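Chains: A, B and C, in written order; residue numbering restarts at 1 for each.
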Amino acid sequence: MKKNETISNLQIRNLLITTVIGVGILALPNQMVTILDNDGWIPIILGGLLVIPFAVMLDRVYKLYPDKNIYQIGREVYGKLIFNIFMIIILMYFVIQDAYVARIFAEVVKAYLLETTPTEIIIITILLVSAYLARCEIQVLGRVATLVYIILITLVGFLVLISLPDADPTNMLPVFNADFKKLPSAITGALFSYAGYEVVFIAYSSSDDKNNILKYIIRGLLVVIGIYLIVFVITLSLFGIDQIKRELWPTIAIANEVDLPGYFLENLEGIVLALWVVVVYSTLGPLLFAASRIFLNIFTTKSHDFFVLLLIPIIYVISILPVNVVEVYEKFGKVLNYFIAVSIIGIPAILFIGALVKKRRSKA
Amino acid sequence: MKKLLVLLLISSLMLTSGCWDSREIEQRLFVTAIAVDINEEVQEGNVNRLIVTYKYPNINTIGKNSDGGHINFTLSVPASGISQASTAFMGEAPFPFYFKHLKVIIFSKELLEHEELVRHILDELNRSPQINKRARIAVTEGKARDVLKVTAGQEYRTEGGIYQVLRSNKFTNRFTVKSLTDLITDFDVAGVTIVPRISIVSGKFVVSGGCILKNYKFLAWVDQNHNRAINIMNGIIGLENIDTIYNGTLLSYAVTRGYSRKKVTFDDGITVRFDIKLEGYLQGYNISQKNQVYDEKTLEDIENNIEEELEKKILETRKFLDEIGAPLFGVGEHMSKFHPKMWKQVKDNWQEMMPEVKFQLNINVNIRRTGLTK
Amino acid sequence: MVDKISKDIKENVEEFKNTFKDADDLVYRNIKIGKKNKKEACLIFIDGMVDKSVISDYAIEVLFDEMEIDESNLDSYKTSLSEKISEESIAVHDVKEEDSYDKLVDMILAGETVLLIDGSDKALILSTRGWPTRGVQEPQTETVVRGPRDGFVETLRFNTALLRRHIRDPKLKIKTLQVGRRSKTDVAVVYIEDIANDKIVEEVINRINKIDIDYLPGSAAMEALIEDSYLSLFPQLENTERPDSAAASLLEGRVVIIVDNTPFVLMVPATIGTLFQSTEDYYSRWPIGTLVRFVRILSAILTAVSPALYIAFTAYHPGLIPTAFTLYLAASRVNVPFPAVIEAFLMEITIEILRESGTRIAGPIGTTIGIVGGIIIGQAAVEAGIVSPLKIIITAITTISFFAIPSYEWASSLRIIRFAFMFLAAVLGLYGLMLGIAILIVHLAKLESFTVPFSAPYSGLGLKEGDLKDTLVKAPIQKLKRRPQFTFPKDKTRMK
């Protein structure tokens, strides 16, 4: 049935949301406040809005070449060799991002849930389970994303509810008091939290309603911005500016803080973490999927299952490279940032400019 | 075929794993209270400067099959840190310790005179993922471990009586409830904090008044009245009694609710206006034929009386705090949020400037009900 | 075996006798018809599968009373002998002509009577089916408090009649196919032509035609043979014994498959949303319907996850439950000799054994007795100190939740998943359990039921069209103006 090979726009939107929101949400309040104090919410919004033009650019590219997927377009515009090299860079980006997410996830699980279990086991298990998801077709990813979206919203709602009694909104003040010279570096920091939205580009060609995709992508980005903002506001209200600067993962620490013994609500981080496992899983899966799809297009094979299995040991090795948590965030993170810049900005911009130029040349 | 391989991989993983973190629930000791003292026998610069005491419940006494023994046990050991004490206990305790259900941490005043030790302990508590950050803090004049020992034999709940007292959030006016995170946040924000004081009186524990800590060190004790004033000025108003003398007799006013707000203005130096509003009812006066409180004029009169009394007490407290140099009324914090530019200027001299700040107290006491009689 | 029968009746009867050698329940009734030119005729039928009064009263008796068979007349009228007899001389309600030998054999085996006439190369098939069958009763597995009490029976034709009574629309199509080389079981594919999507109907018919098996034991076998992933733990078709459920599903655009010899009909496609629906919802008021649906979803979660949660929390993360509860748990397990994992597995396996043995006793009542007995044994175990009381309660909750789920197959899959989750939780605690849930989510998302995604409407298909109104909650009937989208129906409105 025709319907079966397509993915609905709603599913694309959910795919975007669940892929982007992974481990970034844990440390985001801390990173923003470190740079900009109480005004950390500004770069969050601006960073998110900054992604939109790139999404628009890519939409235009697709409209110029309807019914072609991104690899075909790229090859047409730039020629097979150059584009393949470009794709390999993007592939490396996906792989490194996957390793980064897996590693941070394992660190968090180790800290809160399983203290003595070796990190390797945690990483291997989550990678294997992600492989199960990555081996499916894009429609299945869309469906899983919709199901996980429900869990994500539940999680955020839960966090809001439990923090309301103890939250002190005055902690948000003072506003507009920070050193605005640091704004650009803050925005770039926030921008990296939106990484992962590129997976929707792969879903583009399978959508059942190509004209409206952009609307949904923007809606998805707005939801992500909204969720990041909500988390920022509640963590700041609950902790105050100084404690946030110290907490490594303020988002989970919210659950730690809640203590309403009269209502039998204590030690809630278990629930938060349990739900969050599924959220991270929905980030890892699509990234792995995207990486293996690139392989598929470079080597033009029928399906990408094989590449998924091939990639897993590579990702595993990369993820256990950093020696400790600090190295993960500092060195690894920095390397990743370069890749993210290339991917978020690079793909759309390059394709767009290239496509425009080609159109102009062919007209002239 | 591929499915089989993956399945095999996963299952071999599962089966060869050692279930690393699995431990039966009855094979853990749940520490509910910790006491930290100075170890007098050890000099500065060495390790093991603390004596750490753990209190954990005796699970045999819970539920139907209770064997009627001690409800809680305590164990003390010299150590250099709180979690490290559990290693030192390895030879004694049958099971490993588990800290996620920690409820109460008691420091001795002696300990609080060593700033670097306090900083070390607080950092350890903040950093550890295993310690429950909502544990309540209390300070005692003598040895902290004595407090735990005293209560261990007599309790009727496994969580400990101390916790039950410390967590009540309705009657907090005689002492200020502080959890670990509150403590750390206060030090960050203002450098001073107030923590409940717990003492042993004729074999039982009592929580009354508080202890002011400044810059991770002990500063002074405060009694209940001062503590109440501090709480009211900070907006922590719960069920409370205020006693005054009216017309020569004792009058009791019970507070049910209230709020207090601050407003800072900057003309000619810093002026802080406190708007305090209390709601409550008349609790006790004087039973006789003459004294009737059931008319508006009298009630207003009584209200004014209470307001004056309260103002007097608060200004007394303020004087006391200024003398010891402990700005505890939350003015600085307020300014840092609402008048950040001003705050930046005065932040470093706040200590000296605090006594110069003019207070305008606007107290509004309301007696809403007089009980069942007129 | 010959292809067609000949005009000589003796040859034909000989053929039949050969085919049915040693089948002593075949009856060969020789009669002579016609007043003047006595023609030989023979009725062949199987004793026990025919309604004998029809044969005697409406075939043989009428044939005896017969008019002239004048062959010369026949030629001039250009009618055949068999046609004349069938149109003028037989009072049976349905008569067909047939000359293929195999078909005639099939018809005899189906309970029809074959009338061979000497000189005619066509035989007549008289519709005389009748065999012992039970009457229409309330189905035992799907009872409702308020609603019709009829259920399907084992005869295909009666079942189709029961369906037609609910939908008196000429667009209700019933296509009959035969499945099984030796069983030749009749299978009817029922759908409403201008609602059901053609592709789905086509898919169903194709898959049924592809079946090559010798005996089709019932609808469960049919289910396994035509579903998308027979290896999966989850059912991808729904089944029911109630005509009203089947009729409702037809009106949603689904296809109903009726298999002869079983009262359970299949409904295709099925999704998670439909597996949580039960007929009871439609016969009570809507707030109750909504509440009950939430309870079902909760039960599904509980039955799959409770023992695993118990293991995760007691063995791995006692810090994640409130203190009073933790201490109580520890106290209740103080003298239990088994670790929590073993305790959990022990109790679950015991319950499974009890359940299985309860099934040997008649019907669902037996199962209940088994469970209650289990709880009593559990009580004794607690008294003896072998398991902790909390574990018994958890096992009880798990088992009772199982019964709150309307679809038995679906609940059974959850049973199996429960064990997998327990295992995962035993190895990796809460993390392991969540991994299991993640795998489950992906599997459900991958599963398709006749090209309709199994996890609709929760996973996207139909969300916009409001499918949730009838799956997650039960909206009042006035709000259900559109048909659910997951079947891609052609006619979208139900009500204006």
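Just so we're on the same page, contacts are C-beta pairs under 8 Å (C-beta built on N, C-alpha and C of every residue); 3 or more make two chains touch, one makes a residue touch a chain.
Everything numeric here is computed off the predicted structure, so don't read it as measured data.
With centres defined by CA atoms alone, the chain at the far end from chain C is B.
Averaging Cα coordinates per chain and for the whole protein, the chain whose average falls nearest the overall one is A.
Judged by contacting C-beta pairs, the busier of the interfaces A-B and A-C is A-C. If you average the CA atoms of chain B and of chain C, the two centres end up 66 Å from each other.
As a whole-number value, the distance joining the C-alpha centres of chain A and chain B reads 41 Å. Rounded to whole angstrom units, the spacing between the C-alpha centres of chain A and chain C is 45.
In chain A, the residues that touch at least two other chains are 113-114, 117, 121, 125, 132, 261, 266-267. Each of the following residues of chain B touches two or more other chains: 17, 21, 100-101, 130, 132. For chain C, residues touching at least two other chains, in rising order: 313, 316, 319-320, 323-324, 428-429.
Chain B contributes residues 2, 6, 9-10, 13, 17, 20-21, 100-101, 126, 129-130, 132-134, 167, 179, 181, 184-185, 188-189, 336-341 to its touches with chain A in the complex.
Against chain A, the residues of chain C that register as touching in their complex are 199-200, 313, 316-317, 319-325, 428-435, 437-439, 441-442, 444-446, 448, 451, 453, 455, 458-461, 463-464, 488. Looking at the complex, you find that chain C touches chain B at residues 313-316, 318-320, 323-324, 326-336, 339-341, 423-424, 426-429. Interface residues of chain B, counted against chain C in their complex, comprise 14, 17, 19, 21-26, 28, 30, 32, 57, 59-63, 65, 98-101, 103, 130, 132, 158-159.
Chain A contributes residues 111-118, 121, 124-125, 128, 131-132, 170-171, 173-174, 177, 239-240, 242-243, 246, 253, 256-257, 259, 261, 266-267, 305, 309 to its touches with chain B in the complex.
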